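As written, the chain order gives the labels A, B, C and D, with residue 1 at the start of each chain.
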Amino acid sequence: MKKELKIKQKERTNPLAHVFDDFIRFCQSKSLFMLHYCTGCGAIELPPAMTSRFDMERLGIQPMVTPRQADILLITGYVSIKTLKRVILTYEQMQSPKYVIGICSCTVNGGMYWQSYATAKKLNEYMPVDVYIAGCMPRPEAVMAGLQRLKDNIRNDKKEHKGSAWKDYFKRYDYYLGNQQALFGEDWQTPTDIIAEAKLYGLETEETYGKHTKLLEKHQTPLLPQEMRIK
Amino acid sequence: MNALHLMAELIFMPLIAFIVGMMMVLMMRKISARLQRRIGPPFFQPLYDIVKLYGKDTQISHGLIHDIGIIMAVGGYIGAEILLPVPGMEGIAAKGGVITLSYFLMIPSLGMALGVGQCANPNGSIGISRALTAMLAYDIPFILVVFGAAWHYQSTSLIGMIEYQQVHQWGIVEMPLLAIAGLFALQGMLGKQPFEIYIAPAEIATGPMVEMSGKYMGGLFVMQTFQLYTAGVLYASLFLGGGTSFLTLLPKAFLVVALPMSIAFMFPRYKTEDVIRILWKWPVMLGLISLAFIL
Amino acid sequence: MRPENYQAVKLGDSNEYEIFIGPNHPGIEGNYAFRLMLDGDIVVSGKADAGYLHRGFEKLMEGRLWIQNLAIVPRICVPDPAPMEVAYSMAVEEIMGIEAPIRAQWIRTMQLELSRVAAHLFTFGGHAATTGMYTPMFWGVADRDLVLDLFEDFTGGRVYSIYNIPGGVRRELPPEFLQKLSNLLDYLESRQNDYDNLLFTNQVFVERAKGCGALTQSQALELSVTGPNLRACGLAYDVRRDDPYLVYDELEFDIPRQKHGDAYSRILVRRDELFQSIRILRQIIERLPSIKGKIRTPIPNPLSWNVRKGEAYARVESSKGELAYYVVSDGGDKPYRVHVRGPSSMHAVQTLEFLAKGARLEDVAQIMFSLDACPPEVDR
Amino acid sequence: MNKVQIDEILNKVNGIKITHKRKTRIRVDVDADSLPTLLELIKGRASYIHLSAITCVDWIADNQFELVYHVWSYEEKCLISAHTRIDRGSEKNPAKYISVYDLFKPADFFERDIFEMYGVTFIGSPRMEKFILTEWNGVPPMLKDFDAEAYVQETFKWTDYNPDWLQELTDQGGGIAVKPEDIRTAGNTHNMSTHRERDKAKAAAVKANDKMQGWKQ
C-alpha cells in the first residue's frame, strides 16, 4: 500500500523570499556538517585536517556521525563494491541539500586500483559528486581547499548552479539506478523511495523514470507502517 | 498595560535566553578549542548552524509523536525561561517559583524520550534510556539542592532568594557544601563528561540524536542554547546572588557554564552505573550534610 | 513527512536484539563492521564483518612488476605504512640473495621507528576518543603531524613514503636532518608529562580501561595475538629482538610489558614503547653519521627485472604486531604470489569476537581500539 | 634445541625433506597426508605453538595448490614453513583438505580466507562461509585462471580526461606519449613488461614530435 503524496511545492509569493534564500544559502555555506565515511586511505588525512594543526572548525566545518544530520558526504578513497552499497544507502538517508566530495584519485577513475576486481571506479556514476579532490592522497591543505571550493559553490549557486548537484540524483534517477543495478544485480533496492521523494519535492523529470525504475518497481517491497505491539 | 507588559516579557525572556545561550555555546566550543590547541569556530557559528538546520530542504519525520517530542523539548525550556527571573523582567516567576521550574526542567528529557522512541532506531532507544537514567541520577542531588536553598532562604520563589542574597551574603558563602553539590548536579544536567553517557558517539553513535535531521536537529540545537542559559542563570540565582543588572548577572552565568565545560574536555565518560553511583554518593552526601547544617 | 521504506527484522520471542557497529561508525576503526547480539547491555555474541576495504591486493601484485608493487604495498596499513615497504623489500632481497648496505639498513630502522612513533601517537587519541575524551586525539594527531613533516623531509611523502626499494633506500638523508629529528624527539619527550596527566593517569580513564577486554597469556597465545597486545599479557616477545632484522641486534632497547592484558595494560605498553622508540632513534642519531657508504645495492634495470626463483618469509614488527610477507617468485618479472600476514587479521576478527563476548556495549569500541586493529590488514 | 635435535623430531614423519635456509628459517616439504601429523608433532614436541600464517599458492601449470604453514616457536626462536601440495580440483569438484583448527585456533581465519580466494574447502574448519567477498558471485578471484583485468574492462567504464590545455599540447605535438586508454586496451603493455617495448614507444613518440615541428620552436 503506497501512500499517495499530493503535496506540491508552493509558489513563492513573498517579495522577500530571495533575501531569505540568500541568507540561508550564506548560512549553509558557513556551516557544514560532514560525515566522513572512511572508505579508504584518504581517511588518514582527515584527522590532521580536523584537529589542532589545520582546524577545520574555524571554517565552520565539523564532523557529524550520522547521515541524518550531515550535509557533506566525504568519500575518502577507493570504494569497494561492498562499501559502495553502504555509501549509497548513506547518501540516500542524508537530507538535502547534500553534497558529495570525492577525495583521492581512486574516486575519480579507479586510481592505482584500476585493475582491481573489487573496487568501483567512477563515483559519479552512482551519485552526483560536487567536488573531486585528486591526489594520492591529497594533503590536508588540499582537502581544505576542496571544502572551500564547495563553500564558494554553495554561496554562488544562484549564478553558477554548481552547488545543487544533489538535485541531479532526483532528476536523473534512472541513470544512477541503472549503474547501480549493473553492479549489484537487478534485485538491488534501497530503503529510501527516491521516486516518491522526487515527486514530493517537485524534482521529477522525464529522466527520473526509465527501464531501470520499471525493473525496480517489479520487486520493490511495499511501504508498510511498522507494527507496534506491546506484549 | 500590565497584560501588555507581561506579554512583552514572555517574548523577550526566551529571546534573551536564546541569544545569551548561543554565546554560551560559542564559549563552550571556544573553550574546547583552546584546550585542544586550536582556534575554534567563528563568532556567529552557532547562529549559522541553527539557521542552516532550519533551512534544510528536506526533513524526515517519523510520525506525529516525533514532532511533538521536539516541540515538548523546546517548549519545556521556553516555559522554564519565563519562570527564571532576570534583571528587569520577572515573567511569571513570582507565580511559579523554583519548584515549578524544576518540574519544567524535566519536560525536555521526557519530550525527547517520546520523540526518540518513535524513531525506531535501537541506538536512539538505548540513548534515551541512558538519558532518563542520567536524569534520575542528577535529579536527586538537584532536588536536594533546590530544597536546601529554599529552606535556607525561607522562600520558594527565585525572586525572594535573589533579594535575600542581595541583602545578606551570597548563597555560596553561606552554604558552600550545597553549592558544590549543585555543581555536580549541573555537570550531570548539562550531560558533559564525565557524565556524558547518553551522547556517546563511539558507543551508540550519538544516542538520542541519531535520527534527528533538519528542523528536528535545529530544535535540539536551540534546546541546547536554552539548556546552557537555564543552568547558568539558575545556578547564579541560587548561589551567586543573581544580579541587579545584566552586567552583573551574565558574567556569573558565563562563569558557571565555563566551569563544567573546562572540566568536561579533560575527562572521559563514566559507565552508566558509575554515573548513578557517583551522583548519588558525593553530591547527595554533601547535600545532606549541608541540609543538616541548614535545618 | 517523507516516505520511508524500512522493515525491522523481528527476532522472535527473546530479549536479544541486534546492533550494528560500523561500517560507518565512530566506534569502529576505519571501514569495518561488527555485529552485536545484545541482551540488555551485555554482548551475547559478536561477529566481525570485513571486506569493506578489500582491493584484492594480492591479485594486484601478481599483475604488476616487482618494482611497481612498491607503490601499492604501503597502502595495506594506512596508519603505519613503513613496515610494509621494508618487509616487502626484505623478502625480495632474500630471494635475490642480496643485502642492503649497512647505511641503508640504519636508515630503514630509523624510518620504521619513526613510523611506530607516528602510529602510536595516533592510537592514543583513538583509544581515548572511544571513552569520550577527545583532547588526546587532538593533541596526538597534531604531534603526529610533526613526525609526518619529517617523513616529508626525507622521503618526499607525508604518509606513503615509498622510500624503500629492494637493495636499499631511494635517497640520501637531507642535510641537517638528524638535527631536526633530534629536536622533534626533545619536543616529544617534553610532552610526556602532559600526556601522562591527561590520559595515562587520568582517574576516570583508568577506571574505564582497567579490566576492559582482559586476555590471559594462554588465551593470547592460542589466538596468535602478537605485538603490544601480547606484551600487555606479560610475554616479552618482539620480532625485533627474537628474529632480528636490519640492525636491531646492535641497538639497545627494552621490551615493555604489563601483566594484566586489559585495555589499560595495552595502552601503557604502547606508551612505553613510544619512549623506547625515541631511545632507539637517539642511538641512531648518534651512530648514523659515522656510518658511511652506499645506500643502495645495484639491482638490474627494474623494468625488466626477473627475480630468480625462490620464496621468502620476511617478518617485521609493526606497531600492531608481527607483520609478515610471504613472497614467491617463479623467475618472472612479476611476483608469482605475495601473501600478507597483517597482525590485525588476528586481532580484529577472532580476538575481537572472543573479547566482545560477555563485554558491555560501552566497552566494545574501546576493546577494538585498544587492540589497535587496522582493518585494511584484514581485508587487503 | 639444536639443528640435530629438530631434525630428529622432523624425521619421524615419512617422506619429509628438510632444508635449513638460515638460522631462523626451516623449510619442510611433506606429503599432504602427513602434514597434520607434522604440525601436531612440532607443536607438541618442539613448542611450535604460534601459527603465523597459512598461504596458498596456485601452481596452475602443475594443476596443484601449494599450502604453506608458517609456524613459529617462541622458545626456539625459529620458523618452520611446512609446504605441501594438494590436487587443484576442478570447478565441479573443488579442492579439499583437512583443517588444522583443532591444533591452531587462528587457522579459522586463514582457512576461511583461502576458501574464499581459492575455493579450497577445509574439512572440519568451523566457518567455511563468505567473509570478505560477501558481495562477490564469480569464481574465487585469486585463482590464476581468473583474469581480473578482463573482468574490470568488461564491468567498469572510465572517465575520459581531455582537458583543453592537454588538447593544445597534443595539437602542437606534445602531450601524453602513451594514452591511458591505449595502455588499458593493450593488455600487457601497461606495466612496460620490457624496457625495450617502452623505448620503442618512446622513440615512436619522438619521431611523431619531429614530424609535427612542434611547439619547441
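One rule holds for everything that comes next: a contact is a pair of C-beta atoms (placed from the backbone, for glycine too) under 8 Å apart; a residue touches a chain by one contact, two chains touch by 3 or more.
Please read all numbers here as calculations on a predicted model, not as lab measurements.
Participant: Could you give the fewest steps needed to travel from chain A to chain C through chains in contact?
Facilitator: The fewest touching-chain steps linking chain A to chain C number 1.
Participant: Specify the chain with the shortest distance from its C-alpha centroid to the centroid of every protein C-alpha atom present.
Facilitator: Centroid comparison flags C as closest.
Participant: By CA centroid distance, what chain is farthest from chain C?
Facilitator: Greatest centre separation from chain C goes to chain B.
Participant: Per the centroid of Cα atoms for each chain, what is the distance between chain C and chain D, given in Å?
Facilitator: Measuring from centre to centre gives 22 Å for this pair.
Participant: Taking the mean of the CA coordinates per chain, how far is chain A from chain B in Å?
Facilitator: The answer is 35 Å.
Participant: Report, in whole Å, the distance between the mean C-alpha point of chain B and the mean C-alpha point of chain C.
Facilitator: Comparing mean C-alpha positions, chain C is 43 Å from chain B.
Participant: How many angstrom lie between the centres of chain B and chain D, each centre taken as the mean Cα position?
Facilitator: Roughly 60 Å, centre to centre.
Participant: Could you list which residues of chain D touch at least two other chains?
Facilitator: 133-135, 141, 148-149
Participant: Tell me, which residues of chain C touch at least two other chains?
Facilitator: 2, 4, 6, 8, 25-26, 51, 54, 56, 59-60, 63, 138-139, 142, 379
Participant: Could you pull out the residues of chain B that touch at least 2 other chains?
Facilitator: Answer for chain B, listing residues that touch two or more other chains: 36-38, 58-60, 120, 201, 205.
Participant: Could you list each pair of chains that touch, in label order?
Facilitator: A-B, A-C, A-D, B-C, C-D
Participant: Quick check: in the complex, which residue numbers of chain A touch chain D?
Facilitator: Residues in contact with chain D: 81-82, 85, 108-110, 114-118, 120-122, 125, 182-184.
Participant: For the complex, which residues does chain A have touching chain C?
Facilitator: Per the touch definition, chain A meets chain C at residues 2-3, 5, 35, 37-41, 43-45, 47-48, 51-53, 65, 67, 78, 80, 82-83, 86, 90, 112-113, 115-119, 136-137, 139, 190-193, 196-197, 200, 220-221, 223-224, 226.
Participant: In the complex, go through chain A and note every residue touching chain B.
Facilitator: It comes out as residues 23-24, 27-28, 30-31, 51-53, 55, 57-58, 60, 62, 65-66, 68-69, 71, 95-97, 197, 201, 226.
Participant: Which of the residues in chain D come into contact with chain C in the complex?
Facilitator: 24-25, 49-53, 55, 57-58, 68, 70, 74, 77, 79, 81, 104-106, 108-109, 117, 131-135, 141-142, 144, 148-149, 191-196, 198
Participant: With touch defined as at the start, can you tell me which chain B residues reach chain A in the complex?
Facilitator: Touch residues, chain B against chain A: 29, 33, 36-42, 44-45, 47-49, 51-52, 55-60, 120, 201, 205-206, 209-214, 217.
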